[in-house]
Structure formats: structure tokens, C-alpha cells
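In the two complexes that follow, subunit A is the common piece, with subunit B as its partner first and subunit C second.
Right after this comes the complex of A and B.
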């Protein structure tokens, strides 16, 4: 892919204080999203995927803190940007939708008004024009009778309609990147399918990029071109969605993908999540890995380039793939 | 219509014409959450009930274990009517049917450790002595593989998967034959979910359990269930073997539901059978066929005639007279009837 890099995250580390001391919930995360790309980040609860996205939006709040790394959006450094620069970017070039849309919308304002405010925050137009934009946005997400619906409050909407309104709010300023954090979790399957299709259609029509964060492998398989897998706050594998699903390489990715695609004997070591407060020295997955070797526990494996655009954090598998050359990336 | 389905000595649960109404929030009258549901499950069988929010599946589950009383209809468990029982006869019956809930944390008492929670049904529903109970609790924890000192822990010290194992152990305590599971894995991550589903399959085989498995997650249902009932607005619209219902759905609603499932494969052929609009609220259930306001093949008659389940194949029933009577239906372009 040759299009420009829109968002780049480099060597990100985020720490949170806990009763057991400060814990790194995200560590050594690097990723890139290009213009027009549909990118997915997969992981289970606590893997650090939402936290990574929040960092990209400058939304990591104390007591959490970013202790390392860089986030660049369209050439600008987001971690050192001042409030006004951030204000100009967020909700404009960089928009977000989250799960539970009704809670994300302001309960005190009609949805049309909220969308109109979002438009006026970034365009110098009058009330009438911004309201017209809001109605157009509601129409674009196929909310029936948008002129009337613009006057309704979030609690009057079904979950599916509220999610559509939130998408309209996010898309009204034609963002270059839409971050969708579990956009359809909690919605019924028929509504989920419609919302995802709608979102993909709008983003593609505007030539924007999308970053979908989810634990749902079906969403990743059907709606992204490239994806990364997170485990214990790290990316353990990334590549084209096709490669990840047809040839998963990391033992964790394999466990995850094969758990839904075919009958596979359960991992005898269980599927309990890792303890982030007591990180082992080496590979974070070693405690339940079938391929674990002595060396895995001694040093943190690096992300190796095992094929063009395919990165893997597992020296054991990397060695199997290319036994002669020890390719080491970052 | 179906009051005379075949029952035998192996029949564990039989529900006939179950209806549940709730009073309206505002105004007078009632809303119908479950409407004329008839089903049967044999020993060792696992019946999945799938549907979206508002389909009535959880209300049905709660009726089956008598957490709430149905407005009308009968529910027999091993031939005993649980809809009319009360007091100590009901308590005796309760040993035979138990429930596993959706949120494993909320369904455990935060002040009790796992052993205490698992012991509770033994205290309430059996005459066992303390020593016997302690022995039974240890056996149960072994059965669900909560070994080591996990039994001494409190719910907040357990992972979601461990909490749900505790919930399952508690449900199994009185040696029931029927377990009603209401979305038991929806709060769990993918890999832990698989572990729990495999545990449930193992327990069913070993203990000859009957499951009524409520879920909106078809993937989980396929792993655990032999048969599936599809509910929409309080009614069963299709019932059949899990394989048939998923790969050869007959009801327009089932076709739409199955096409919405995102398969975890990159080469899946996308099918988009879309229904008009959204599921109506339970306060405004359409007359006639409950789907007619959204159905792509509805005709005038559908808005007036209530639909009954009709046999279309061995054990496969569909409540849609369009598909059961009329073989010349013109489906919308792009509509795909099955996944095969």
C-alpha cells in the first residue's frame, strides 16, 4: 500500500496506578493507519486496545499517563499538541464512535442540535445551515423522517437508532479517520450488520479511514483489510486480515481464530487472562503457550517481519518460517 | 394446535401454550411478552432459544423455572406441573430444575465465598447434613474444575470464567435434570467462552442433563444445542434441528437473522437479507403474523391471520403460511434463502 500514513503510533506505553503498584496496560505498541484504510484492532478485555485508541485521541486521563511513545496524526504530534490544536482536530478530522450510543449522546439535547453544534464547532456557519447539515447527516445514516427525528432526544431512540445518530454526529465533519470502539457491541445481530454496513459505506464514500476496535472476530473478518492482535498490552501479530484469518502465526492468534473457525481441543493451560501487575520478563503469553521454550521466558520477543506487512512477536514461529535468516524488526 | 406433541418417560420439560402478560407502564391493559409457546425437551437434549432483544426469550426462561408465573399455559417438568405448584411441593420440584444467569458476578453473593454460594441450594432444598454438604460442594467444584483454593475465594477475586463456573456448580448442586441457561457466556471473552461451552457439553454428556439454552449468539448455540427455536415478538416462528434452522432456514425472519451473523472467515459470501425498519415495541405487536410489518413477502392476508407452526420436514416447523403453502413466492432480489 502506498497511500500516505494518516495516524502513526510509535512505541507507546501507558501506565495506571493500581493497588499493586503502577501497571503498564499498554507497552511497546506501534501501528500505522493509512489514508483510506480499514484497520482493525482485536483483543480481549484488558488487552489494552481501547486504551491505545484513547491515547490516539489524547484522552488518557490521570491517574493514567502516557509514559513513552509518539502519536502522530496527519503529520502533527498529538501528545504534545496544545488544547486548541487538539480541539481543531478532534471531532473534525478525527472522530470517534463508542458502544452504548445512548449514553454517549447528551441526554439533555435533541440529536439534531447536538449534530449541529458539532458542525458549528468547526465551521463558521449560522444556526439554520448547521441544522440543515444535521438533518442531512441523519438522512445519510438512513434515519427515517430526519427533519422530525432531529428534534428527538436520545432516550426516545432505540439502541440501533441512537447508534445511527452517533455515526451521523461523528461523520458530519467528514473526518479523515473514524475510530470505532466496539461500535456494535450490545446491539442485536440484525441491527449490528446494518450499522456496520452503513458505517463502512459512509467511510468509503468519503475516502476516509476507519479504525475498528473490537473483540468480535466476525466484525474484523468482514469489515477490515488489515488488523493487529493485542495481548497483555502488546501487539503480538499484525498483517492483512486475510493472512491473519487464513494463516494465523502467533500461538495466541491461532488460539483466538481457531476457537471460532474450527473444532480445536481446548488449551489445557486454560484461557485465563494474564496478570498485568506481575508481568513476566519474557513473552507475555509463555504461561499458556504450547510452543514455549526456555528462551521465551528470558527476554521479551521483538516483532519480526515474517512477510511483507506481516509482523509477528514469536521467535519460535519466526524461526520455523525462516530457519536460516534471523529477520529482526522492531 | 400442538397440545398433543409426543411425550414419553424421557420427556424432561413440556411447555404447552405458555403466555405471559405484563401490565403496561402507562395506561391500562397488558403487553404480551410470550405468546402461545409450546415446546418439549427430552432427557439429554439441548434446546436453544434464539431471538433478539424483546423477543421474549428471557421471559420464557424465567417462566420455565418458575421465577415468574405464566399468565396461562402449562409447564410440566418430569410430568409435574410447576405452574400451579407452590410452597414445599414447589421447593421439592426446584431440585430438578435450576438456572444459570447471564451476569456471573451479579448472580453470586459478593459476601460469600464460592463454597458458600454453591452450598446454598443444598441448604435450602435438601436435607443433607453439613458434612455431606461439604463433601458435595468439593465434588461440584471438581466437576466444574474450580480446583485448588478457588473455592475459598470471593466473587471479586475470580475472573469472569471462574465466576461462571461457580454459577454452574451452584446450578448443579441439587442434581437437577433440567438447566435453563440464560446467555451464560455473553459477558465472557472468546476463549473463555469456548471453555465454558465445552464444559457445558461435557457436563451434559456425563450427567445426562437437559438444557434450555437462551442466547442471541448463534455461534454459541450451534456449539451447545441439538435443536433451535427462533423467537420473534413473543412467538416461536421456527423450530428444528440446529443444523436445519441455520443452514436451511424457512421463515423470513430466520433467513434475515441468519444472514446477519458475521462469520469469522474472510472468504464468507456476504448475504444481506434485510427486513424493513426495526422490531416493533412489545406495546405495539402487529396483528396477524407478528412479522408482517417488516416481511418482504407479506400479503394482505398476513396482517389478519395469526400463524401457527406447521411441520415442513422431520421435526422442522415454521409459522409462516406463505412458505408452507405457497411455493411461488417471489423473494426480493438479492435475498438468499440459505447459506449452503
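Right after this comes the complex of A and C.
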């Protein structure tokens, strides 16, 4: 727990222009990932999870823009870094695995060549050596007969194989942090587990960290040590994975966990996320919260530290837990 | 279909195949004639022979002779060489110049990308034939100038095409993924963007060669391109035109046919290439 902070995001805000004006898709997001840590970010579609990850990679493309906050990786400020230093960090120290592997591979290039180019983006080596590295990377993700497979095109691979190839592409430069954005969406359930285990094993073997972004609670439960829950572009609760699952505090976290652990009628106030273009004034979740109080709708609640390493954005629950000394955190 | 809406059936494999065969077949025949045609004839395409003027097609002069006794077949074959050379060279030059411009303009989000496109608009705003005539008039008619003009007119077409492909490709997940592992902008464009955009450019190139043949012949026909007596399909049509009325149809007809078939061949081949090179339609 006391190891070095690898990635820290502070007070991040990302805005996108829409027909209804500029919309903050991510707001007030702060998180930290330490060296060697397995971190998870949970949230429903559109909660801003992927956007937060793209910001960490310095890949928020116009017209989207980061309007506030700081992203630091291993002590370096990524938001003010120039293009070339960002490029050197990408892939080499920080890599991402996106959803839909087949679409994430260039259809016109053999997979081995794509991986070799990624290696050569960070190492001044010749074609033969980089291709050897690519074959090694394919072998490390347990693609059978990697020498031959290096010459195949993405459309010749099955979904699972394509996902493995994508992991090989991301891991060839041995990054210190691997961001896995919905890494198993679209794969068979049996292959999902295999891919996740493989990814965890590779990352652990080289002492790197992993940041899994998903809406699948099972993935978070099985593969992370610490997690944060995102709702409407904000983090509403974060803590150790064990705490989040055994003692979920935020009404939204509880709803999430109950939605898979218990047969419970759906929230009768609907489960639609709030309209980001017309955000409610106070707590974003208030409109469908069982614990809502008058104060909830008036001011944005802060993230309170309710236990060591457990943050919560719900003043009502915070007060219940420690009525006298609700410590206000960031 | 008995009732209801009769839908146009999609091109079946066999129909697709037939137009492939026709297109590539035509090109093959024309290129073959251009390459080995001179072997079939001992005559010189540009020599006048007044003693055998205006002879109809016969065993000796397969496609007849023209008003000053030039052998139409010999001239047709010589013209095929020249026209194919002009068409392919000018399009190749345009292709080579326009592809990097289109790629940079499509990939970059800088202000000058728009400025480049306005220059292309400017070139394309004029009627093609008028520009070609004006330029050749200024620079003088010569093979080189015809190539120069056609290349210039082709550049905006390819810039536009490559740019639009690159604009679409730029947002594809595999480009994002390639960027996220640290590929430089140059590497991204060279290894990931351009190879994926080349298919439609190559298909377009074939169509544009046909179009270049037409333009060359047109320019020559009005005297702004290749000058007679050099054998060129357009000049041949022009020199046979006065004889059409007096019944010597063979002088203009055969170069006209050759031109039409060549343009058709390149157009069909372009379509076939587009279907073949399109990764999206490629099946496993």
C-alpha cells in the first residue's frame, strides 16, 4: 500500500461540445494508482470511465478537451507534456487495451509487423530484432505457433486470438501501467476469464500495475485489489475491492451490487443516468436515491474519508457512520 | 418475381466476374497490341505514301489507309503506345504527388490543411478542357506538356480522395490503438493510414487513366495536344473526319473504337479493382 504512486489524476474535468452547449462528461475525478497495484474503475456506459483513461494517455481528441485538473505519471505532468514526450510515454510506460480487439488491429498489416512497429517506436533496433520481439510477445500471450501467426492478418484470427494479439501489442514494451478498457467485451464468457487471467499474470510477472475499466462487477471482484465507482462523470465511492463488495456505502454502489447479487425489482424511479447537459445542482444520484434529504439537492457533496482508504461522496451515509467527525477529504 | 416490388438484384458473383473479365480482358488486348503490334507490320506510322492513299481495309492494309497513304493499323498501334504512355505517366505523376499531400491534409488538424483544399478547389473550379487547352496553348503543344496538364488536373482528384479516406481512417479504433502504443505521427501515416487508403486510390487511378486517354485525344483533336502527323488516337480521328462524308469511314472509326474500348476497359477494371482491394468487402 505504501509503494510509489504511479498515476495520479486530480480534479479532472473533460468537456465535449454538444448541440446543447459544452457538456462536462468527466468532472471532479481524482484517483491514484500505485506501482504493482490492480485497480478497477466501475460504472455504467457513459459514466466517463473510458474518457478518464484516454485523458491519462493524453489522447483526448478535439473537440473534447480537458478543462481542469492534473494528470501525473511517475512524477511527470502529462497534460503539459509536449507531443514527443507523450509519445515516448505511450506504449513504453503506459499502454492501453481497448474493447473490440479486431477493430483495434490494422486490417492491412500482419499482426507481427504491427507489434514490431510498436517495439521500434521505443527502441532503435532493426527489423529482424523487432520482429523477434513481436514473436516473443505473441508467445508470451500463448498464441500457438507464434512464428507463423506473426504473419497472419487480423481477419484471420478468432476474437480470443485477436484479443491476445492486442495484449501482446500493448505489452511488447513492458509498460509500467496497463489500462484495460472493457478488455473482454464481446468475448465468450469462457474466453473472458482466460484473457483476464493471462493479462493479470503478465502484468504481475513484470511488477506492473493494471487499471481495469469495466461495467462487469465480476471482473472487478476477481481481478482488482482496489476500485472506484463512477457515476455521471464523478467518482462516488472508492476503496479496497473487499470493502466495496462487503460494505458498499454509497446508495449507487449498493444498487449496483444488489443488481447482481439479489433479485430485486428495478428502481421504480428508473435507471436512466442524469442528463449531463442539464446536471442537477447537488448530488447527481439524488433523483433516484432512497436516502435523499433536502440538503442533497442543494450542494454537490464532497468525497469524505470514512475509513482508511475508503472515500464516499454521500453526506447522509457519512453522517450515519461517524456522526461527529465526518472528515472532509478531497 | 410475380408481384410486389421488383428489386434490382445485387451483382451476383457471376455478373461481377463477367465485368471483371471484360475490363481486364480489354486492357490486356490493348496493352498486348501496343506492345507487340509493331511486329505485325513493316510500315512506318508517320510515313506518307500518296500512291496508296484512302485505300479501304484489305489484306495488305488491314484497317485501310488515310488521306496521305499512312497505314491505319500501323498508326493505331503506334498511337496506342503513345496514348497509354501519356495516360499512365500523367496519372502516375499525379498519384505520387497527391498521395502525400492528401495524407498530410487529411491527418493534420492545422489551419493550412483547409488552405490546401481551397487551392484544390481553385484548380477544379475551371472547366477541365478549357484549362487544358489554355495551358497547352501557353506552353505549346508537346507530349511533355500534355502529360503535365493532365497530371495537374488529376492532382486535386487524388488529394480529395486520399484526404477523405484518411479523414475516415483517422477515427478508426486501430489508429487510436496504434497511437496509444507510441507510434509517431509519421509512422502512423506511413504504416497504418496510407496502406488502408491505397485501395480506392488505385481503383481511381485506373478510371483516371481512361479519362486521361479521352482528354489527350480531345486535346489532340482540337489541335492543342499531339500534333499530326504523330500517330495519336485523337489526331487520327481528326484527320479522318473530313473523309467521313466522302465514305472513307475506316480512318476515323478504328481509332475511335480503340479509344472507346480503352476507356471502357480502364473504367471497368477500376470498378473491379475497387471491389477487390476494398478490405471492408474482403471475406475470410
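In this text, the second predicted complex is superposed on the first by the 329 of 330 C-alpha atoms of A that agree within 3 Å, B and C clash if a C-alpha of one lies under 4 Å from a C-alpha of the other, contacts with A are read in each partner's own complex, and residues count from 1 in each chain.
The rule we apply is simple: a residue touches a chain if its C-beta (ideal position, glycine included) is under 8 Å from a C-beta of that chain, and two chains touch if they have at least 3 such contacts.
These figures come from a predicted structure and were not determined experimentally.
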Clash or fit, subunit B versus subunit C on superposed subunit A: fit
First, second, both or neither for A:194, with subunit B first and subunit C second: first
Subunit B, subunit C and vertex subunit A (Cα centres) - angle in steps of 10°: 80
Partner chain in contact with A:168 - subunit B first, subunit C second, else both or neither: neither
Subunit B versus subunit C as contact partner of A:55, first or second or both or neither: neither
Touching partner for A:257 - first (subunit B), second (subunit C), both, neither: first
First (subunit B), second (subunit C), both or neither touched by A:45: first
First (subunit B), second (subunit C), both or neither touched by A:109: second
First, second, both or neither for A:242, with subunit B first and subunit C second: first
Subunit B versus subunit C as contact partner of A:218, first or second or both or neither: first
Minimum Cα separation, subunit C to subunit B, after superposition on A (Å): 9
Shared subunit A contacts, counted only where both subunit B and subunit C touch the same residue: none
Complex contacts: residues of subunit A adjacent to subunit C: 57, 59, 62, 83, 87-92, 95-96, 98, 100, 103-109, 113-114, 117-118, 121-122, 155-156, 166, 169-170, 172-173
Touching residues (chain side subunit A, partner subunit B) in the complex: 44-45, 144, 158-161, 188-194, 196-197, 215-222, 241-242, 245-246, 255-257, 259-261, 266-267, 270-273
Residues of subunit C that touch subunit A when the two form their complex: 109, 172-174, 176-185, 187, 191-192, 195-196, 279, 282, 284
Complex interface listing, subunit B residues touching subunit A: 52-53, 159-162, 189-192, 194-195, 198, 216, 218-219, 256-257, 259-266, 268, 270, 272, 274-275, 277-279
